[in-house]
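What follows is a pair of complexes built around chain A, which joins chain B in one and chain C in the other.
Right after this comes the complex of A and B.
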C-alpha cells in the first residue's frame, strides 16, 4: 500500500508532484498567486525554519510549474497571458556547487569575477528556457517574425553578434552558446588544481547584472503581453551562498532594475551579510528589501487549516484512500482530551466514562495514596482513620486530573483543606454562580496538561501519549515537514503492525501514533549532530535542556508548568555561543520567539528560545510554549555548550528542579 | 577522452600478474591493521620496488595511538617508516588528510622534479587506507600525465568496528559522530552542471545513513539511485547497510531504484554506474556520492575519469577515525589500463 505521506521534501519532489500536492497557504496567497506584494514592494527576503515549506512555495511560483500546470489544466494562450501576473525564475543554491568558487590557488577577486559571470549565465539560461517553455505550450504571443527578432535581439545583446545561419534562430541555439560558456567555467574549476598559475579565460566575461537585468528588458520590448510584468528571480536556500557570494547578490538586490525583482528564500540567520560590493552601501530593510517570515504570517489557526488541507489532499490523491473515501486527517488521527488520557493512565484503558464508581477500589490508586500521605503530613487534624472522608471530597473518579490539581493545591498550601473540599464539590456540581468556581476552573484549565505529566509520574512505566491531530500539529512546531513526517510514520506503522487496517477502521490508534511520534522525535534528535560546524555542541545543549525541562515536570507545586523554553540576554553571550544559538535556530532545533522585556524598565530585551516541539516525546515534555526556566546566565550557557562533561553535569543539576519525588537524572 | 579497462585479481594470484620490478610504490599511512598488508604481500612475493612514495597524514602521525601512550610524532614517523621498510631512496610526503590539494601539490612537484617521463614507469598504488579524495585526485593526475597502466592494491578489512552486531544496537554501533563537513564537490571533480537539467544522484551506500541523507538534501536530486554492495565482504554487511540507510530508502521513489554491485569489484560498480548514466544523461546532471567501500569508490572514480561531465560529492570527515576497521582479509589487485585516444 502506498503511504500518502511518503516524500515530504519539496527538494526531492518532481514538478508533477508539486502540482499534485499543492495547497496555497491562505495568508500568502497574494504573494504567491497574484504577486501583488512583489509588484508593489522592493525585493523580498522570505524567511522560515527548515521544513516550513519555503522551497515548495518558491518552486510553485516558478514559470516551469506555472506553465506546466496551465498546460495540464488546458488553459489557452489568452487566458494564460491574461492571468499572468509575474514570471518566476527559480534557482536553488546548491551548497556543493557554490563551494567550488573558492581557493584552488586563485585570488578572491578572481573568484568574484568568475562567480558573477557564472551567475549571469545561469539566470540568462533560465530566462531563455522560460521562453522556450512558453513557446512549447503555445503561450508566446508573437509570430514567427517576432520570434526571430526576439532571438536576434537577444543574440546581439548577449554575444554582440547575429546568428550566421537562419536555422540558428532558435532559443535552443542561444542556450547552447551559453552552455559552452558555462562549460568553460567548470573546465577551469576542474583543472585549476593541476595548474601552476591558473587563469580564467573566456570569450565573454559578463559583468554583474548585465544579463540578469538586461535580458528581461529585451524580452519585455519584444513581447507585448510581457509589458508591465515583473520577472521575479526566486533564489532558494540563500544560506548556502558564501559571504562573498551574498555580497555579489546583495549588490544586485540593492541596484535591482525593473522589470526584475527578487524573492529570496532563506532559513533564519541564513543571511551572512547585508553589505554589498560597494563598501559605502548596505541593504536597508524596507528601502532595499522587505522581510516576510513564514511563521509570522501564517498564524496558528491558518497553520492548522493549512496542514489539514495538505494532508487531506495527499489522502485524496492516493488511490487506496480515495477508494475507501478516507480523506480527513483530523478524523484519522482523532482527538483525546487530557481527561481521557488521565483515565487511561489510572484505569489502563481509553474510556469516556468509567463503568462503576467504587471509592474503596479507587482509594488504592497510587496518586490517591500520595494525596493521603501529603494530607497527613500537612495537617495534624486529619488522622489516618478519618482521611477517607476528606479524600472523598477531593477526588473525582471520572476525572483524576481534579485529584491532581487538589494534590498540587494542598502542597502549595494556599487553600485550607476544608475550603478546598468545598470548592472541589461546587466545581464538580457545576455551580458556576459561586464566585469560587471561576478561579478554580481557570486554574484547572490552565494546568490540566501539566497535571497529566504529574499524574504519569505516579504510574511508571506509563508514558505520555502524543497522538491526535491537534497534538501532531503542535508537535510539528509550525514546520510542515515535521507534520508530514509524523503522519508518514503513523501510516507506516499502521501498515506494518496491523496490515493496513486503517482502510477498514478509518483511524489510527493513539498508541500507534505515540509510537510514531517517539520515532520521529528520536530521529530528529539524531540528525542534530550532523549540523555542520556546531552539530555536537547543539546536540549537547539540547540534551541538557531536555533533562532540565523534564525535571520541572515532577515539581509537586507545578510552580512553572510545561517548561519548553528559556530566555537569555544575548548581549551578554560570547560570539561563539551566539553562533551556536543562531545555528540551532537556522536548523530549527531551537525556535526564536518574540523577545521578552527584562525585569526592570531599561533592561535589554531578553531573547526567547523554544525547543522544537518535535523533541517533546524524546524528553517526555509538553508540546506547548507555556513555561520557562529561570533566566540563563551567559556562563551557564557557555558551559552547557562548550564545557566538559563534569561541568555540564554540574550546571544541568543546578538548573534542574529536584524534588523529593524525583531522583536526580544522570545525564553524562 | 579516456577509456579504462581492468581486471580484479585475488591476493594469491598477484605474482602471476605483477611485473617483478616496480618503479614506484605509492601508499599512505593509517592505524588500521591492514595498512602495511599490501606492501608485505609484494615483499613476500619477491617483487622488487625501486622507490616507495608514502603519504604521511599529519592527522595520523600526530595521534597518540600506540602501546604505552608515550608515542610522539617522531616515533610515529619512525614506526610507519619501519613498517614500509623505508630506505634512503624512499620518500615520505607530509600532508594534511583533509586537504587533498596539499597532497596533490607535493606529489605533483615530486614527480615533475624526479620523473621526466612518468608514463614510462611501472606504478603500483595501494589505496587500502588512503582517504577517498586523495586517491581520486591522484588517479586523475596519473590520467592527466597520460600514464597507461596502474596496478592498484586493496586489502579488505576483516570487519568494521562494531560494539554489538544485533539490530537493536546496530545504529549505535555503526553510527559515527557527525563530524563531517556539509557535502561538497571533490576537488577537480565538479563535472559540468547544466542548470537547465534536473539532478540525478547515484549514492554508493556505506554504513553512515545520515551522510547519505545529508548528501540527498544538499543535492536536491529529482532522482536518487542507491547502489548497495552485494556480494559484500561479509554476508551481513549488505543488510546492515540497507538498515542503516533506512532514512533515504524509506522514500518509495528512491528504494525502487536500488541497485547492487559487488563490494570488491570496481569494474562492476563502474559498469553499473555507466548503465545508469546512459539511461539518464540527457535529462539529468549526474552526481555521484562514493560513501561505500573503497573498491566501489574506485569504480566511481574510474567512471568519472571517463565521463568528466559528472561530478563527485562527498561529505568530508572533520576528524580522523583511527579505528574504523579491524583486521584484514583478502588483498585484491586491480589492473587499470588507460586508453588515451
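Right after this comes the complex of A and C.
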C-alpha cells in the first residue's frame, strides 16, 4: 500500500508530484495564479517558517511547472499564451554550492565579481531553457525565421557574436555555451586553493544585471505574446545566501528593470542585510520591496481549509484510497472532545456515555479521592462521614471535567463549598436563566483543555491524547509540512500496526494518532541539534522550556493554563542570545508572535516566542497558548542558552511554577 | 517492553522503506507464535533479533543491482579492449557493436523466466539476445552470459558448467566466452566456484562475507550474542528447520545460515524459519508470485 503522505519536502518532489498534489492557498491565489500583485508592486519578499510551503509555491509558479501542467492538460498554444500572466524563473539558493564562493584566499572584490558573473550566467541559462521548453511544447508563437532571429539576437547580445554555422541556431547551442562558462567558474573555484596566484580567466565577464535585465528585453522584442509580460525571478531559500551575496542581489532588487521583477522566498530572519553594494543605498520596505508573510496572510480558518484540501487531494490521487472512496482527512482523523478524553482517562475507554451511574464505585476514582482530601483540608464543617453528600453534588460521572473544575475552584477558594454545590447542580440541570450559570460555563469552557492535563496527573501512566483533525492542525503550528508529516506517520503506523485497517474502518484510531504525534514530536526535537551554528544551544533552550512549561500544568489552581510561550524584552538581550533566538525562529523551533505590551504604559513592547506546537507531545503540554508566565530576563536566557548544567538547572527551577509556589509558601 | 516497542517502531520504518509495506505487526506476532518457549533462550527475543538481521532487497534495489551488474560486465569488457590498445571511445563502440553477439540465458527452471525478463527490461536488451536452452547457442555466438539473481553455495554454477561441458558447446564454438553474472554472491560460493574452475568469469554486484552467516563467529546478524547464546540460538533454529524442511535445509541449503530475501523470491539458503510453509508453520516472508525455487539444487 502506498502512503499518500510520503513526500513532504518540495525540494525533493518531482515536478509531476508538485502538479499532482497542488492546491492553491486561497489568500495567495492572486499572487500565484495571476501574479497581479507582482505586476503592480515592487519586488516581493515572501517570508514563512520552515515547512510552510514556500518552495512548493515558488516551484509551482516556475515556467517549468506551468508549461508541463498545461501540456498535461492538453492546453493549446493560443490558450496558454492567452492565460500567461507572468513567466516564472525559479532558482534555489543551494547552501553547499554557494558556500564555495567564499574563503578561498582570494580578495573580496574578485569573489564579488565572480559571483555576479556566475549569477548572470545561471539566470540567463534559465531564460534560454524556458524558451527551449516552450518550443518543445509548441507554446512559442514565432515561426522558424523568428526563432532564428531570436537566437541570433540573443547570441549577439550575450556573446557579442553571431553563430558561425546555421546548425548552431538552436537554444541548446546557447545553453551549452553558457554551461561551459559556468564550468569555467567552478573549475577556477575548485583549483583556487591549490594555486599560488589564482587568476580567473574567461572570455566574458558579465556585469551585474547585464543578462538578468538585458535578456528579457530581447525576448520581449522578439516574441509578440511576451510583450507586457513580467519575468518573475523566483529566488528560493534566500537565507542560504551569504551577506555578501545578498548585497549583490539586493542591489539588483533596488535597481530592478522592467519587465523583470523578483519574488524572494526566505525564512524569517533569513535576510542578513538590507544594504546594497552602493553604500548610500539600502532596501526600503514598500518603496523597494513589499513583504508578504505566509502566516499573516493565511489565517487560521484559511489554514484549516488549506491543509484539508491538500490532504484530501493526496488521498484522491492514491489508488487504494480512491478505490475505497476514502478521501476525507477530517473523517479519517476524526474528532474527540475534551469530555470524551476525560471519560477515556477515568473509565479507560472511549465512550460517549457511561453504561451505569454508580456513585459508590465512582467515589473510588483517584481524582474524587483527591477532591475529598482537599475538601476535608479546606473546611472543618465537612467530616469524612458526611463528605459523600457534598461530593455527590460536586461531581458528574458523565463528565469528570466538572469534577476537575470544582477541585480547582475549591483550591482557589473563590466559591464557598455550598455555593459551588449549587452552581454545579444548576449548571448540570442546564438552568441557563440563572445568573450564576454563565460565569461557571465560561470558566468551564475556557479551561477544558487545561483540566484534561490536571485530570491526567491523577492517572499515571495515562498520557495526553494528541489525535483528531483539529488537534493535528494545531500541532502543525501553521506549517503544512508538520501536518503532512503527522498524517504520514499515522498512515504508516496504521499500515504496520493494524495491517492497514484504515481501508475497512475508514478511520485511524486516536491511540495510533497519538503514537504517531509522539514519534513526529521526538523526531522534530532530535533534528534541532542539526541546525547549523547554534543547534546544541537551541536544543538546550527547548529542553529547559519544556521543563518550565510542563511545571505550570501541575499548578492546582490552574492560574496560568496552557503555557507554551515566553516573552522577553529583546532590546536587553546580548547579540549572541539574539542570534540564537533568530536562528530558532528561522528554523521554526520557536515562532515569533505579535509583540506584547509591557505591564505599565511606556514600557517597551515585549517579544513573544511560542514553542513550535509539534513539540507539545514531547513535553506533554498544550498545543495552544494561554495564560501568562513571568517575563524572562536577559540574564536568565543567557544562562538557559550558554550556561553550564548547574546554572541551567538553577534558572530552570527558578522559572518553574513549583518553585514559585514554594517561594510563596515561605513568604506566608 | 519499551525496548520491544522500539524494535517494532524500527520494523514499522523498514516496512515502508525496505519491506515494501508487505509486513504488519500482526504478521510478526503470528510468526513469533510458531516458536515454542525454550529453557535456555528467550525465543521471542531471538526471533525479533533474527528478523532485525534479515536483509531484504526490494524491487528498487534489485533494479539497481541488475543495472550495476551489467555495467560491471561492460566496464570489464571495455577495460580488456583498452589493454589491447583501443581508445576508450573505440572500445565503447566495439562493445555496443558486439552486444548482438551475446546470448543471455537464465539459470534453470521456470523461475529463471521472471528474472531474465527483469534483467532484460532493466538493461534495455533486445529479446533476441535471450535464449532458454543451451541448444540455442549458435556457432557465431561470441559470448554466453548466464544471469542469476543469487549465488549461495556455488553448486548451481559448477553444475551448470558441467552441463555446458557435456552439451558440446565448446566443441561447436571453441571461441565462445562464458560469463556468470549474478546480483548477489556469497564469499564461500565465490571461493568454491573459483577453486573448481579458475577460468570461470564471475561478475556480481554485491558480495556477502562470512559475517552474514547468522551463527558464525563474526556474525553481523546477532552481534550482541555471546558465543554460548549463539550456539543455543543455532540449536533452536536447526531443530525447527530440520523438522520443517529436513536435514539438508535445516539452516538453509547446505548450512548456508543466511537471512536474505529478494523482492521476487526467498533463496533456500535462507533459514527455513523465515520462509517455510510446511507443518502449519507461518512464514514471515511468503513466496510471492509462485516463483519460489531452489537456488542451489539443480
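One rule holds for everything that comes next: the second predicted complex is superposed on the first by the 657 of 668 C-alpha atoms of A that agree within 3 Å, B and C clash if a C-alpha of one lies under 4 Å from a C-alpha of the other, contacts with A are read in each partner's own complex, and residues count from 1 in each chain.
Heads up, the rule we're going with is that contacts are C-beta pairs under 8 Å (C-beta built on N, C-alpha and C of every residue); 3 or more make two chains touch, one makes a residue touch a chain.
As the structure is a prediction and not an experimental result, all values here were calculated from the model.
Undergrad: Which partner does A:601 contact after superposing on A: first (chain B), second (chain C), both, neither?
TA: After superposition on chain A, A:601 lies in contact with neither partner.
Undergrad: Of chain B and chain C, which one touches more residues of chain A?
TA: Comparing chain B with chain C, the partner touching more chain A residues is B.
Undergrad: Who does A:183 touch here: chain B (first), chain C (second), both, or neither?
TA: A:183 contacts chain B only, not chain C.
Undergrad: Just chain B (first), just chain C (second), both, or neither: which does A:3 touch?
TA: In the superposition, A:3 touches chain B and chain C alike.
Undergrad: Which partner chains sit in contact with A:536 here, chain B, chain C, both or neither? Use first/second/both/neither.
TA: It touches chain B, and chain C stays clear.
Undergrad: For A:92, select first, second, both or neither according to whether it touches chain B, chain C, the two together, or no partner.
TA: First partner only, chain B.
Undergrad: What is the contact status of A:460 with respect to chain B (first) and chain C (second): first, second, both, or neither?
TA: The answer is neither, since A:460 touches no partner chain.
Undergrad: Go through chain A and flag every residue that touches chain B in one model and chain C in the other.
TA: Residues 2-3, 6, 492 of chain A touch both chain B and chain C.
Undergrad: Give every residue of chain A touching chain C within the complex, in rising order.
TA: 1-3, 6, 492-493, 495-500, 519
Undergrad: Of all residues in chain B, which touch chain A in the complex?
TA: 101, 104, 108, 137, 140-141, 144, 171, 175, 177-185, 187-196, 199, 210-211, 213-214, 216-222, 224, 247, 250-253, 287, 308, 311, 313
Undergrad: Using the touch definition up top, name the residues of chain C that touch chain A in the complex.
TA: 8-9, 11-12, 15-16, 21, 23-27
Undergrad: Would you pull the chain A residues touching chain B in the complex into a rising list?
TA: 2-3, 6-7, 9, 11-12, 14, 91-92, 94-97, 99-100, 103-104, 122, 125-126, 129, 175, 179, 182-183, 186-187, 189-194, 488, 492, 523, 526-527, 529-532, 535-536
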